[in-house]
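Structures are listed in the sections that come next.
What follows is chain A paired twice: with chain B in the first complex and chain C in the second.
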Partner chain A sequence: MSEKKKLSENQMFISVLASVVSIIIGLIFGFILLMILNPSKAGIGINAMMTTGFSSLDQFGKVLYQSAPLMLCGLSVGFAFKTGMFNIGATGQYTIGAFCALVGGIAWQLPWWVCLILSFIGGAIWGIFPGLFKALFNVNEVITSIMFNWIGMFLVNLLLANMPIMLASAWGASNSDRTAALSQANPGAIIPKGGLDRLFGNSSWINISVFIAIIVAIICWFILEKTTFGYELKACGFNKEGSRYAGINANRNIVLSMIIAGALSGLGGGLYYLAGTIQYVLEKKTLAMGFNGIPVALLANSNPIGTIFSSLFISYIQVGGSAMQPNFSSESTDIIIAVIIYLAAFALLMRGLIVRIMKGGKSRETAVTENAANVTADKADSMDKDDNKEAKA
Partner chain B sequence: MASDYVIEMLHITKEFPGIKANDDITLQLKRGELHALLGENGAGKSTLMSVLFGLYQAEQGTIKKDGKEVQIKDPNDANRLGIGMVHQHFKLVECFSVLDNIILGVEDTKHGFLQKDEARRKVMALSEKYGLRVDPDALVSDISVGMQQRVEILKMLYRDNEILIFDEPTAVLTPQEIDELMEIMRGFKNEGKSILFITHKLAEIMAVADRCTVLRKGKYMGTVDISGTTQEELSKMMVGRDVRLTADKKPCKTGNVILSVKDLVIPSRTHNNNAVRGVSFDVRQGEIVCVAGIEGNGQTELIYGITGLEKVISGNITLKGKDITHAPIRERSMDGMSHIPEDRHKHGLILDYTLEQNLVLQRYRESAFQNKGVIKAGEVRKYADRLIEEFDIRSGQGPVTIARSMSGGNQQKAIIAREIDKQPELLVAVQPTRGLDVGAIEYIHEQLIKERDNGKAVLLVSLELDEVMNLSDRILVMYEGEIVGEFDPKQTTVEELGLYMAGAKRQDGKEAKAS
Partner chain C sequence: MNILANIISLTIVFAVPLMLVALGGMYSEHSGVINLALEGIMVIGALCACFTLQSFDKSGFGPAHPQLSMLIAIIVAAFTGMVFSILLAFAAINLKADQTIGGTALNTFAPAFAVVVTWAVQGQGLTTIQIPSWIRITQANFGLEAGNGFWDMLIFKYFYLTTPIAIVLFFAAWILMYKTKFGLRLRACGEHPQAADSVGINVYRMRYAGVLISGFLGGIGGIAYTIAVGSGFNSSVGGYGFLALAVMIFGNWKPVQILGSAVFFALFKVVAAYNQSIPFLPKFEGMKDQSSLYQMLPYIVTMIVLIFTSKHSQAPKAEGIPYDKGSR
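This part shows the complex of A and B:
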């Protein structure tokens, strides 16, 4: 028994080690790219990338602030993954959520928490469609949700263009290509800072959204791991036929899981645009935040608690990337961020590699080993039983 | 004299971390011999054959071909030495034609274009010579399992292999197809080819093999001449103790009708015809009713209909007098139906769930295991521990073992534990012993009989005629979606059943198809 326990401890250690090694390799690759792009500033660049997030409380506040919508988009993608769905429509749901929150805040002059509920509902409605199409007609949810990304984005643009009260021009500013600043339209719709700004050296970014996101992540974890509902959702995700056999209504769960995923993304949109620091700009491209939820979820292996950390990590390098900007173009910082995230996702591969190195060179037989290990499990277990008996005696 | 043996595997040891899959095993194959390799699941048969076929390298021991030592590093080496293998799970490209599959990897080309005429002539000649009927232009996905196996055999012959390895070749065949295969194998023997035949079915070994090598838990138990041994002796060598080859049963005491099926019609998923065409029967308390038949004659769909996995077109299903024809699966389950499904990976288990999660798969909603939607983890663990103890389910880490990592026999035990412990009125079991070894089969048969003796109704679907004859109190034979005969196992023979299964006879007076 004791030996087995050691092994599992080892595995925990190996997972963490693998993640760290992957991130370091990603940074090395990023540095090589910087060397190619602008050799003289590469050192400054990588330094900015790695240290900006911790360089001042203000910047650290920005990391936390940006991580909240990322976390929710990551939770959204991860939640759908657990039910066997690939929610690539997070960005559409996010956009609709942002729109609902802003309409509540600007047009209807509602307080921030009501606006957040509206964003939650808006995103949920946008999640219903891919879920319904999948459940009723077996239409691949990827196709539907991509289409609904565009429908969502253009619909929001169309609606905003026809709602003059929503635009900045109605509230004393000159530009009509974006929504009104909340500080002018309705300061009550801005998510409160809860005294955090004082803690974070008067950071203009920080507010309580990151805590809302963390609480939501914990709720997601609880639903998935502790409730019969989560048990059913995951059963559908792992084996749809098997869950049908167990009398689980797989179609109902597909729709519900997409509604929840949509609501999470929508809430992300609400949190970001109700911070009072940013205005929604009418542009003909989908928002990147929803798509960034995919690597967040993947890095965390769809685990809600893991999502907290992966979103903080990605937010951190994004803040670092934006600090590189006079020396490097925003495109090249995006490439470097992408490289780092990409390599971070290699953690799983790295894990296999580390196991191999630790076992010492028997690389060719690892796959076989696992099989054999399964076969031996029987024997090992019966031996364990004997051990237990002795221990009791 | 060295060339007496065409292949010799001497003192082969193959170790995987933590287990010696093969421990000093010697196997000598004579030229023109039919040699059986017998052992339970996990005895090391497949490992040994994989060593011979070049899939694994042995740590110790030597392989000799015609008395000369050879190195087999991969299947290409094996091929060059004339060794061919029919795997248990066929290695065919489903969307290719039979001919394309046979020539795959050794195609003749001219200027980069395939030249198939010569290949076709050779395949047809081989097919003629050995009685291996195939349609060279049919797609593999469209042909029967029996024909797929003939394609695999032709693949070996096309490559001029003279040492033929068959890995559990009869598992998927009907009795008639098995007889045919045996005949073909004898034909190869007369041609001077040498055959290695992996199995755990004793009757087949007695019927065709010349000699038999027995493995148990990775160790060599000996090689015996079939002419001088008995089934009982072989099974004792294989399992290490006496095994009852026939299950003990008390006479059955039937009670009320539990399941009643009337004029059931169920569609097929694979073709446009209905898979089940007007089937009616009853199952009573305290009896095991067995549906026998060749795979693909509607048994699967019939069970799907009864258990609710497939919608029925017409007809009625009643459980304890309640019409459940259109009831959802969960309602049937709560009304006292348990289902040991045919495909334990597709239906029976959520493979990525732990053992304990799988053990409550039918019951997690009961108030014993949840409170307002929150799962009582402690209760689930207690329940799992009890079932693991009671049904002797073995696994690496007990209740938290991922089901995928468990052996097939223990996966099946987990399903059986779950379904029986639910205290069903009706137990539907579909091929509950498929792919399991003798020990596990014995255990599962005992459990089914125990349920019957406790007054439960048992509906069993099996392709194994021995199992059908052994367990059932009544046998229904299904052919092309209809029940063509009902038998008392005491008053019929396997051969008789085989004729009905193949559609050559039927009881209801309708003209049987000429076959």
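This part shows the complex of A and C:
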């Protein structure tokens, strides 16, 4: 492989460009919608969405704080994608993880890092089911995940309602529809701020969770790119039958990748609810955070390092979206996210289109085929990297 | 006895949206497209139908012609559901996109769009669209006297135009699927599109038909759900689109079994809400929030059934795989 590839053949560059184009189209679509709905206020709304995240250190702290659970849910979805699984169950795993962390923190009075380990384990347990059902009974993991999202949500509500010590009413507050505030129940279970609050102008949001998430992202990248296990997982994702032929235990890898994906989502739940600013509310509704892991993973093309940036972006526009009230509902950002997911659904086509535009004048078919060829070449490239290194040496 | 009548009539009114939407999913999956977007389609259908009802209520046309207005609202729901489902069809069929991701996009879009539009139309913070009370079919529509007896409760307590329409659509589905050329061709496209294409069936067109019919039924299901809940539309259908997918799988992709499983799931939903007042249910002493337990059960039962039926699953073989003419 030559060291300098042409820009239009650089797969990483194409992926990033495709994501940026999706984001731009999503934003334009959202803005047009705002213009139609309320032309006089649209400018204010757009301004709020685009600038709030940087408007103050407090708001920027919120962006970082929310990006941590988003990053982990995105890593979870992305990790499953790499093995060819669609983990739409991140929200259930996230809920179970949050529950385990809070039980550790409130009922068992454990320190924060033990609670995080509990959330990790809880999510992993919830991730076993889709993987196991797929491997043993060939049940589509999308269906299992959706079912277990609801089972998890109802189970957590049922358990919390029957654990009086978990509820805010046991700790001096009057409401029993949410878990106790950690500052009341067990300040030791709150994730430390590590001095960041002083750096961020006493922001109540910021803590070290975003750094934990980034470290986890790097570990994921290492597992996927630098270990035999990661190689086997990706091989299963590319071609299950092929990898089986090559002697890889595909079923074992499916289960393992879903356990890891579940654990990542669960840890996300722990990071979010152990910050001490948010209490878990018993609602008959699945949590949106897990679902938002899907656009995070799609924007990053399932790359763990890319997930760091895409989660920051999604978190940024979400913080901006809540500042759009009362002129517009904060759900406006979800519309933009939906457009981004929709565009990601035909990512290959879009990448082919980008390659075509960059090369100029070629027919679409050739561009797409060439792009597909590039993908294969790139995969071969990354797999041969070690050989290359030896050759260079 | 009245509690029994209440439970039966509530079960029916909740089974209606589940069955309609599950039938919609069935058409789509038999054509070969996994329709994960049913939840979103329901939201869009309900949103447009509720706005229609509201405008009829304000103009005075609604109270004067209640059932005609209701019919128009249902048609609006069906039509908008169809239009919305084109987005999925276009991505899944023309662009050969990943169907689950496309469906997820529509599911993300619909509730957000509903909130934003309701907010913009009704003003800040008013996110619930109220449903007028005149849409219910009463004894007066049949020239009967209003009463509170068993049969009055059973039939008229929750009687809306969506129920008879659902019955008609159920029989239509059975006939269309098994007694017409169209049904056979549709199923062929979901089982083996290459073979269907080789005998001159236009796979793309059949898949469009499948997805559009699912949009049609999903839209009606959306307004049927909103009516069943009765407290107005607040940009959500409470996961019924996903529940309908479970109903469809539980019903083995067949209309009659889908009807049965829709009633089964609806019964559990109703029991979850009424478990305190039903005498023969086991009472778990000291357990709080038992409704969560009952609401959880249908999902667990579905999973158990899936384990046992997966070996002989009737799922369309080619569902979820984009059809590419070139790979024939």
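A few comments on the model shown:
Criterion: the second predicted complex is superposed on the first by the 307 of 393 C-alpha atoms of A that agree within 3 Å, B and C clash if a C-alpha of one lies under 4 Å from a C-alpha of the other, contacts with A are read in each partner's own complex, and residues count from 1 in each chain.
The definition used in the following text is that a residue touches a chain if its C-beta (ideal position, glycine included) is under 8 Å from a C-beta of that chain, and two chains touch if they have at least 3 such contacts.
The structure displayed is predicted, hence computed values, not measured ones.
In the overlay built on the shared chain, the residue A:I219 is in contact with neither chain B nor chain C. In the superposition on chain A, A:I24 contacts neither chain B nor chain C. Residue contacts after overlaying the shared chain place A:Y245 against chain B, while chain C stays out of touching range.
In the superposition on chain A, contact of A:I305 is made with neither chain B nor chain C. Within the superposed three-chain model, A:F229 lies in touch with chain B and out of touch with chain C [touch as defined at top].
Comparing chain C and chain B on the residues of chain A they touch gives the larger count to C.
Shared-chain residue A:D334: touches chain C; no touch with chain B. In the superposition on chain A, no chain A position is in contact with chain B in one complex as well as with chain C in the other. Chain contact summary for the complex, chain B toward chain A: residues 16-19, 21, 42, 56, 307, 309, 328-333, 339, 341, 346-353, 357, 361-362, 364-365, 370, 373-375, 377, 394-398, 401, 405-407, 410. Contact residues of chain A toward chain C in the complex are 33, 37-38, 86, 88, 129, 133, 137-139, 142-144, 146-148, 150-151, 154-155, 157-158, 161-162, 282, 284-286, 291, 294-295, 298, 325-329, 331-335, 337-339, 341-342, 344-346, 349. Of all residues in chain C, those touching chain A in their complex are 34, 36, 87, 91, 95-98, 100-102, 104-106, 108-109, 111-113, 115-117, 119-120, 124-125, 127, 235-236, 238-239, 242-243, 245-246, 249, 287-289, 292-293, 295-296, 299-300, 302-303, 306-307, 310-311. Interface of chain A with chain B (complex): residues 4, 226-229, 231, 234-235, 238-239, 241-249, 365, 368-369, 371-382.
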